[in-house]
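These are the structures in question, set out in turn.
Both complexes below contain chain A, partnered by chain B and then by chain C.
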Partner chain A sequence: MSLHDPAQLMDERRRLEGLGLSVTRYGGAIGLIGLVLACLMGFIQENGMDRFFFVYLTNFIFFLSISLGALCFTGIQHVTRAGWSIVVRRLMELLAANVVLMAILFIPIIFGLHSLYHWTHAEAVAHDPILQHKAPYLNTAFFLFRAVIFFAVWIGLALFFLRKSTEQDESGDYKISIRLEKVSSWGLFLYAMTTTYASFDWLMSLDPHWYSTIYGVYFFAGSAVALFATLSALCIGLQKSGRLTRAITTEHYHDLGKFLFAFTIFWAYIAFSQYMLYWYANKPETTGWILRRQTAPMLWVSLSLIFCHFFLPFFGLLSRHIKRNKSLLFFWAIWMLVMHWVDIYWLVMPEYVHQYGEIGAAPFGLMDIFCLIGFGGLYAAGFAMWARGRSLIPMKDPRLAESLTFENA
Partner chain B sequence: MSETNKQLYGYLVEFDNVDGLVNAAEKVRDAGYSDWDCHSPFPIHGMDDAMGIKPTVIPWIVLCAGITGCTAALAMQWWMNAIDYPTIISGKPFFSLPANIPIIFELTVLFSALTAVGSLFALNGLPQLYHPLFTVEKFARATDDRFFLVIEASDPRFDLEKTRQLLESCNGLSVEKVED
Partner chain C sequence: MVTAPYTREIDNTQDDPRVRAPLVTGDNDFGSVTNKVCSIVEDPRIHRAWLIMLAISVSFLGILGAMISYLVWEGVGVWGVNNPVGWGFAIINFVFWVGIGHAGTLISAILYLFRQKWRTSINRSAEAMTIFAVMCAGIFPGIHVGRPWLAFYLFPYPNFMGMWPNFRSPLLWDVFAVGTYATVSVLFWYVGMIPDLATLRDRAKNKYRRIAYGVLSMGWRGSHRHWHRHEVAYLILAALATPLVLSVHSVVSFDFAVAQLPGWHTTIFPPYFVAGAIFGGFAMVLTLLIPVRHFLGLKEIVTLRHIENMNKVLLFTSCIVGYAYSVEFFTAWYSADRFEMFTFLNRMFGPYQWAYCVMVFCNVIAPQLLWSKKNRTNLYVTMFVAMCVNVGMWFERFVIVVTSLSRDFLPSSWGMYYPTLIDILTLMGSFGLFFTCFLLFLRFLPAIAMAEVKTVMPQAHLDRGHHRGAGDYHGDIPGAHKVEVKAEV
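Moving on to the complex of A and B:
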């Protein structure tokens, strides 16, 4: 049963309450233990810290991409004056606010720059004309300065969105919506610039010789997939716990499913666009990056992306009946999250193999699992902390009634 | 035109609000009629349910068209590049999948889109330049501020008296015969 009047929301459980407290407590504890264990494994093994930083980067980017997707789509809801999404917008705002947590979790990467980025080695740059040419951009000081700018923009926007929206919960002032719309318009421009360059800095510069102008779009496509998969699963989970049971309806799931489906295709479109140009040109300086992913053991990861990140979910999510079925949508949401993790792994880990010459199976082990659990726990705890004392729905948004009665024609 | 040439098309009932039309549609649906329709100036949420309309087959037709476009594009490029006129292009094999994917994508989309529009027209019997309801002057307000429900005389359950009674029980503004 859907609701027809925002006043009916008063009977709805729309806060995390006790659940939030336990998620913060246990998630935080599990998170810290996971990360400490992963780091300890790095200490014990020979050259394990190099491996640890690559594993850390993979999981850092995975969770960051969810928040960045959420930040972007919160802004897009404002500039498009979207009505349908109001009931899920607060959840996006909360996910986006987790960039604050990601900024803290960026600090260990600063200590791992030497393990991760070949261009930080002065002796390597001295013998490498390409790296010398790129040095005005790829140097540690400017790299860190840019990271500060990126996080400043993301945190500024995310907290502005969350604070203003929460403020509207009290006042119901429609002018807040107009202000959010205005800030989003230039905020999205800043978002696009910072996200593109962040993906260049943190991921693409793992191989400083290689370049791809579409890389930022590729990263964005992945973030959008990550967001809509997370959001669908989160909504279903919250409803299972007895929250927002009537506010979020099949119609909203249908739209989340459509977005998940659309961005799965968009991701494949961008991935192929990038691949085809390098395949056609076949120039030595750009094919190396592809070759590392086209030979065993990474070949299997690449093939799994083609089939499990595109073909299977394409047919899996094609039908409206699947998007409107909570259990099936939940299945595909989790599936896409797993594949998005594989996608980030595919971007990062072949460079580890390349730099440190590990051959044999694709590197994956207990350290990856500890690290993933660690980040997952902290991310959930961060989400619960932002949700503390806040309604999970923008209670007095001028478009709330529209969203509650929304139907796909 | 003389009176005798006219044929009964059906009964038309007029409403000035959405709820009236939706309630009437539910009544007519439950009475088991099959040849009837509703006309409103804008789409009404829940109308499909109220009229008991089954899901359309268009998605399946479009899926078949998409698969046809996909295989046609692949077959065409294979035949042209590898069989009919083999040419070496930037040192690639005659038949190389990556080069074919953009055309495969385009033809899949083209076939699907044209089939979607085409089957929509065909299944709705469009284009239709004349309709018996055009003889009713006030029916013009179906594109403005009035809501209409019509039961056609071709319906097997159509009965001059019973159908009229059913429509009168819907509390519309008026019930009238449409002749063509």
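Moving on to the complex of A and C:
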């Protein structure tokens, strides 16, 4: 049963309350323990720290991409004056605000630069004319400077969105919506530039010889998938816990499902564009990166992306009935999150295999699981901390009524 | 054709988030919308301006016919193409015209799925533009094959010679991509038009019109079942057309990107071409609609808000195109590939520098004017930017095709490309075809999707009880009409 009037929202449970506190506590504790365990495993194994930093980067990028997806789509909701999405927008704002946490979690990567990035090895650069050519861009000082800029832009935008939106909860001032719309327009431009170069820096430069102009778009496509999967699962989870039970309706799930479906296809389109063009031209300087991913041990990872990141969810999410069924949508949301993690793994780990010459099965083990749990716990705790004292719905957004009553015609 | 009194401009571009702005201004109801749109087609008088424009367009169409005849008679030697630039105006024009079409499909399919209600006023004419642009585009590869009477070899059909087209060639993929696109676009346009054709049939005053529109409207009676089937078909066609918006120009970009040529072989080409196509297409929609709404008295249906929204799309896609230029440039340097680096420096400082400058100015710099709302709602500025983009997007294809081919890996094989008069006249002639079709469309078919426009008017929601408050403009909601026309921001 949907609501027709924002006043009826007063009967809803709109805050995390006690749940938030326990998520912060337990999530934080589990998160720290997970990361410490993963790090310890790195210490005790021979050359384990190199492996640890690659695993750390994989999970860092995975959770970062959720927040970046949320940041982008919060901005898009503002700039397009979207009405349907108001009831889920606060959740996006909270997810986006987690870039602050990700900025803190970036610090360990600084200590792992030498393990991760071949171009930081002075002796390697000295013998490599290509790396010498790239040195004005790929050098540690400029790399860190850029990271500061990226996080400054993201944190600035995310906190602005969250703060202004919360402010509107109190005042109900409609001019805040106009201000958010204006900032979002150029904010999205900054977002696009920073996200592109962040993906170049942190992911593409893992193989400093390789390049692809579409890489930023590929990363964006993945982060959109990550956002809509997370958001769908989060809404369903919150409703299970008795929150927002009437504000978020089947209609909103239907739309979230459509976006998840659309970006699953968009991801495949971008991935295909990149792969097909490099495969077709078959130039040695660009095919090496692909070759590492379509030979053992990574071949099965690549194949799983084709089938499980595209074909299965394509047919799985095609039907309207599935998008409107909470259990099935939840299943596909979790499925896509898992596959998005595999996608990031596919971007990062073949470079580890390449650099450190491990042969055999694809590297995956306890360390990955600890690290994933660690990041997951901290990410959930971060989310709960941002949600503390805030309504999970923008209570006085001028378009709230529209969102509450909207229907997929 | 009616000489409608030029309605005054009503500003409905207010930003107030508390109320959705009206999409049809003035004192209109369903009847007046029908009258306004149908009278364009029904007026027995012929508007002199229309006749003059048609005469000019048909002259250019004649030039196109003459140029093609000459080409077929003499061979492609009459064009400026030669080694090393074997692809000249023909491919540039092909990509240019296919690109124009994309805005129509974006408006009719993607904006439909995004529930952008303002699309209803502009989708019909934009879809018509799509079809005519694809027609213009289709000519060029056809006449470029050397022996156009054998162009049907492009289609894979079983034949006793055992001869098949090369399925590995992206040019063949184009045949399928553009063929599918043209088919779906025509279907979509036609299916959407059936209820309006029936309106014209019902209003027809003479037998011939009744028969013509009667046949075209396929027995439409406006029953609930008809409407239900129609809307289901429309939704399915929109869903099918949506991937086409991306796929067609992606395949067109493959023509270049699968090659190993520096400046062509880059992975961002597919989405970048798509964004560029939508960019160029919206500029053409604006170029067409601003005069149309003025001369046909449609300012209350194609309102200032529609213009402003289209300008926003123009600005957004301009930013994407600018982003792609910059990422390409950066990656050319970052790749450390000397041929890549040379190609991009050559574009900027080489013999085609002027074309590059035109491209950057028109596609990236001029649209920045649209950051200001004042400019977005100023028709002269809008027209200026749209004209810039029309020119700029043609030059973008010129820069891509010609600069990369004219100077490739081996300096001894470099050469300049100069179009001949025949090239230039053929391009101008294609505009003749385009405008002839568009002018005839305005005269004989409903230029506005009347049935769809009515669904976004407040009168369409009066009986929906508590649901009527959301997402639409409602003149009947207390307070809604009180919003000042120019909300203070």
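What we mean here is this: the second predicted complex is superposed on the first by the 409 of 409 C-alpha atoms of A that agree within 3 Å, B and C clash if a C-alpha of one lies under 4 Å from a C-alpha of the other, contacts with A are read in each partner's own complex, and residues count from 1 in each chain.
Criterion: a residue touches a chain if its C-beta (ideal position, glycine included) is under 8 Å from a C-beta of that chain, and two chains touch if they have at least 3 such contacts.
Not measured: the values here are computed from a predicted model.
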>> Between chain B and chain C, whom does A:356 touch in the aligned arrangement: first, second, both, or neither?
In response: neither
>> Is A:130 touching anything from chain B or chain C once the two structures are fitted on A? First, second, both or neither.
In response: second
>> Quick check for you: in the superposed arrangement, does A:280 touch first (chain B), second (chain C), both or neither?
In response: both
> Counting residues of chain A in contact, which comes out ahead: chain B or chain C?
Replying inline: C
> Is A:196 contacted by the first partner chain B, the second partner chain C, both or neither?
Replying inline: second
> Thinking of the overlay built on chain A, is A:142 touched by chain B (first), by chain C (second), by both, or by neither?
Replying inline: neither
> Which chain A residues lie in the overlap of the chain B contact set and the chain C contact set?
Replying inline: 269, 276, 280, 407
> For chain C, which residues count as touching chain A in their complex?
Replying inline: 15-18, 20, 113, 115, 243, 246, 250, 254, 257-260, 265-271, 319, 323-324, 327-328, 331, 334-337, 371, 466-467, 469-471, 489
> How about chain B: which of its residues touch chain A in the complex?
Replying inline: 43, 45-46, 59, 63, 90-92, 98-99, 101-102, 105
>> Can you tell me which positions in chain A touch chain B when the two form their complex?
In response: 269, 272, 275-276, 279-280, 282, 318-320, 407, 409
> Okay, in this complex, where on chain A does chain C touch?
Replying inline: 4, 81, 83-84, 129-130, 133-134, 137, 174-175, 177-178, 181, 185-186, 189, 192-193, 196, 200, 211-217, 258, 265, 269-270, 273-274, 276-278, 280-281, 283, 285, 398-399, 401-407
